[in-house]
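I've put the structures underneath this note.
Same chain, two partners: chain A is paired with chain B first, then with chain C.
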Partner chain A sequence: MPPRTCQFCQNARAIIRRPKTGDHVCKECFFNVFETEVHNTIQEAKLFKPGDRVAIGASGGKDSTVLAHVMKTLNERYDYGLNLFLLSIDEGITGYRDDSLETVKRNQQQYDLPLKILSYKELYGWTMDAIVEQVGRKNNCTFCGVFRRQALDRGAASLNVDHIVTGHNADDIAETVLMNIMRGDIARLGRCTLICTQGEDTIRRSKPLKYAYEKEIVMYAYFKKLDYFSTECIYSPDAYRGHARSFLKSLEVARPSVIIDIIRSGEAFEVAQEVVIKEQRKCSRCGYIASNELCKACTLLEGLERGIPKLGIRDGKRKKIEIEATEPDGPLRTIPMFKLPSVMENSQAARTETTAPS
Partner chain B sequence: MANDFGLNVTMASGETINLKIQFGGGAELLFGNIRSHEVSIPAIAAATPSGSKQADRPSDITFLIQWMKDNMLKEREGLFVEGETVRPGILVLINDTDWELEGEGDYILQPKDEIVFISTLHGG
Partner chain C sequence: MASCEIPVGGEERMQKRRKGLGKTCIKCKRDAGALVLRGLVYCRPCTEALVVQRFRKVIDDHIPPNSASSSILAIAYSGGLGSTLLLELVANILGSSSTRSRKHRWDHIDVIYVDQSAIEDLSGYQGPSSAEVQRIVTSYPDFRLTQVPLEACFDEGSDVQPSRLLRSHIQSIPTRTGMVDSINLLTRRLLERTAKSLGATHLILGRNMSSLSIALLSNICSGRGASISDETVASWNGLLSFNPLRDLGSKECASYVYWKNLKVISRVNSLEDWSGTSASISHLTREFITGLERDYPSTVSTITKTCAKVSPRGDRPSQCSLCYRPMKSATDEDSQQHAVAILASSPRDAPGTLCYACNVLFTSSNSKSLFSGGLEVPMPIWSSRPADLE
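Presenting the complex of A and B:
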């Protein structure tokens, strides 16, 4: 088969068939179109404004490594005026996260961005290794997910940033749409395609790679020779997501546009208003956002500390064992008080001023 | 250049092709955690198990995948092979070009070709 020519520059030899469009593109045009699409996503969603302090959630994996590279590139190329930081969470998983954090440390040097690493051990007093030892391998992902979410917010607050960007890619979002459909989770279906989520008192979270195919992210990392770490979490596997993933990858072979098509479908769903969204309040123990008296992390942590790790975990009948938010008897470990980054307090004050009646 | 892999096979069937095989993105974990391999495979392919491709054709990528499964794969073969091709989610590059531009499994291997397999199935 003779080499194909790039459909963009009509000059260089094509090296990739773009899954989204079927275009045959050379290396330079591929870099350019990939970066420009992320830029367009950012611009259309108006994700940033000059002077924003933004943390890139960095795991050392392909997605966040490409995100860090592209964010740095675009910030310079288009003069976004952002202050960028790398934020990593150390779950305390020997042989997995300790290796990937080495990659993040190299990324810090390569991209010359400040790096903050916050560990579960430091924040909660427990590593995932210790948690798995106590709870076994069945529910450990619940702990890890709840703890990571809160750790990212706390890490962001300590960096005084009010915006976290994560490396979720188009394949991840399409998978999540499918999973939410398959389990009938309509509330999540409605918001899982949002590029940016923000409540009143929460730190903004955005997904600039929302429309970037995993294939292109991996090809981008390969051709740019980016340094990333890839292995499976030794405790995972999220079996349900694994099935959605395999299904999607098989569909993609037959019809490459399927990933973007599923995201578009997800975006087009209108979620009926009767879905009640639980009112948010503040955890009485640590001040983090909660939908009950205690936040999820405090509930789980208390369960660990008291040796009853089933606390706060749904059982098969979707009932939760709730606990009274009484003061713990003994000296249980608790999470430090959560404070919003001061940059947010200022902006909230500013918002109040501008919206005050004249 | 020939290594342990497939030496016996190649002695028996005569001509061989030397190739460089690279793994990335976690695919190397299925191949003894070694990223770079130099292999020597028969120049003439065997028939595919289903008979979809006949024997005595020049070795192509379909044959290479089958040969790797039989001679190189160390564990969890379902994570690398599905039917007679790679599992969806594994990217293949032929001399640094997306195999989708080169005819995928039908690409006929040339001496010194460099074939890269990158998994996208491992965590980001």
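Presenting the complex of A and C:
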């Protein structure tokens, strides 16, 4: 077959068949449509305004590396006026995170963005290696997930940013829609397709790569020769998610649009009104957002410290072992008090003023 | 992203298969077990009682018992497992003269069979013969059988035969999964229209918990999230469609059918029995769910329960001219497109005002697709008529 010409510029030779649309494109036009789609996504959702301080959750993996590259490019090209930062969490996983952090440090040089690294060790007093040693490999992702979420918020607060963007891509979101349906997680199903999530006084989280196909992210990183780290975490044992992931891959062969179609399905419905979503309050020990007396991280940490790591983990019957929020007897390690970034305190004060009854 | 960075509930929330079963029925604690359902052992009489009880409960939920107005019931019959069981249960539990339920009054009961033989070669599915269908249905003396060909979806009056129109409609769809989706769509719509023309107030469908959860999940994968609740219960023009077997798994349904010596004359799977690029989403979903059910038996009931709790988001003032479900206005549908994907050339025009998912049917392709662009796609009768005339 003769070489195809690019369907966009009708000029250069097409070297990529876009997984998302099936279009034959040249390298330059591929970069251009990929970046423009992310830009359109950002504009459509009105994610940013000039002067915003935004942290890019950077793990050194392909998604967050591409995100950092594209965010920096778009910020310059379209004059977003954003102050961008890189924020990395060091879970303390030998042979995985230590290597990927080296990548992040190189990215900092390459993109010339300020970098903050926050470790589980300094925040919680435990590395993931130490946690796995105590709890085994079964529930360690529960610990890691809870700890990471809070660490990212605390890192953002210390950078004084009120917005974190993460590298979740279209495949991740489609897979999460399926998982939430199969696991019956109604509350998460309602919000997992939102591009931006924000509670009353939490730091905003956004997913600018929401409509970007994983395959295209890999292509983008490859053709841009981006420096990224490509190993899966050595402690991720979720077999159920593995099934969902391979199911999605087989669907994608039958109809490539399926990834977007699932996201569009998720966007098209909402949780019925009767379902009550639990009210949020503040952890009595560390000040972080909690739905009980103690936040999840404090509960898990206390379990670790007391040598009863089952604390706070749901058992098979979906009951939770609760503990009284008494002060620990011994000198247990606790998490420092959480303070919102000052940009948010200001905006909250402003909100209160404007909404005050006249 | 790394899979652990995507928040969902932990695996410990999934109920794993229970081990170490006794051999006596969990219910009556007397008879020997005949069947293991979601990890529990049941004897034959207790299983049969369970099937009847769950069937009756869903019927009573949707058709108020003892109501003064009479209802006319239509049963969608395909010859498959679910609808075979439906005929038996309606005849013996709701309708038979000896055990007739005092709660419901039926003027008559219609059985509707949609004949897909005009597209046998396209779907790869050979349905039962008309005589076979006739024999099964007439073995229940209270039922009236209506057989209707799938091409009845297309206009009789035109100079092209309806069966030709049906075939070119199906053939204009670029993927195998779209073809399967479209056949299901036309069949469902034709069932509703036929039931309505027979004066029915209720149309019952033969999906059990397993097949319903497969339908729900594959609809979500096809972009039909907005109308997902209609898969379980749908109301159109005074006709209520629902699935009385929705609380029963395929295992107890199959056992009941086997014990009662009923004849299943059609196998749904054959419609989807393809693999690779030409596999359909419903076939892949069926394989996926069946595999998952072995290790996580609660999956199917979780899917049906979850989907029962969602409703369409936002205003849906228009109506899709193909599937008839409410949709956003065409401009709203378009406005999001440029953020999702930028196309090199404008996609071929979809035939009519279609919802997101029906549009995907005609426009979304895969690496095996042969585009027959430019040809006019024949559309079913209802797509050109305003909704209020229906």
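Basically, the second predicted complex is superposed on the first by the 356 of 358 C-alpha atoms of A that agree within 3 Å, B and C clash if a C-alpha of one lies under 4 Å from a C-alpha of the other, contacts with A are read in each partner's own complex, and residues count from 1 in each chain.
By our rule, a residue touches a chain if its C-beta (ideal position, glycine included) is under 8 Å from a C-beta of that chain, and two chains touch if they have at least 3 such contacts.
Remember, it's a predicted structure, so these values are computed and weren't measured experimentally.
When the two complexes are overlaid, the chain among chain B and chain C that reaches more residues of chain A is C.
By the document's definition of touching, of the two partners only chain B reaches A:Met219; chain C does not.
Judged by the touch definition given at the top, the superposed model places A:Lys72 against neither chain B nor chain C. In the superposition on chain A, contact of A:Arg285 is made with neither chain B nor chain C.
In the superposition on chain A, contact is made by A:Val271 with chain C only, not with chain B. By the touch criterion defined above, A:Ser230 lies against chain B but remains apart from chain C after alignment on the C-alpha atoms of chain A. Using the contact criterion defined above for the overlaid structures, shared-chain residue A:Ile16 touches chain B, although it does not reach chain C. In the superposition on chain A, A:Arg245 contacts both chain B and chain C. Within the superposed three-chain model, A:Ile260 lies in touch with chain C and out of touch with chain B [touch as defined at top].
Judged by the touch definition given at the top, the superposed model places A:Thr41 against chain C, while chain B stays out of reach.
In the superposition on chain A, the residues of chain A contacting both chain B and chain C are 24, 59, 61, 63-64, 167, 169, 172, 232-233, 236, 245, 250, 253. On chain A, the positions that touch chain B within their shared complex are 1, 3-4, 13-17, 24, 59, 61-64, 167, 169, 171-172, 214-215, 217-219, 222-223, 230-233, 236, 245-246, 249-250, 252-253. Chain C contributes residues 1-16, 175-178, 216-217, 219-226, 228, 276-281, 284-285, 288, 291-292, 296, 299, 302-303, 305-307, 309-313, 336, 338-345, 356-357, 360, 364-367 to its touches with chain A in the complex.
If you check the complex, the residues on chain B that touch chain A are 24-26, 29, 87-89, 91, 93, 96-98, 100-103, 107, 116, 118-124. The touching residues of chain A, counted against chain C in their complex, run 7-8, 20-25, 33, 36-37, 40-41, 43-45, 59, 61, 63-64, 138-139, 141-142, 144-145, 148-149, 166-169, 172, 175-186, 188-190, 211, 232-233, 235-236, 238-243, 245, 247, 250-251, 253-258, 260-262, 264-275, 313-316, 318.
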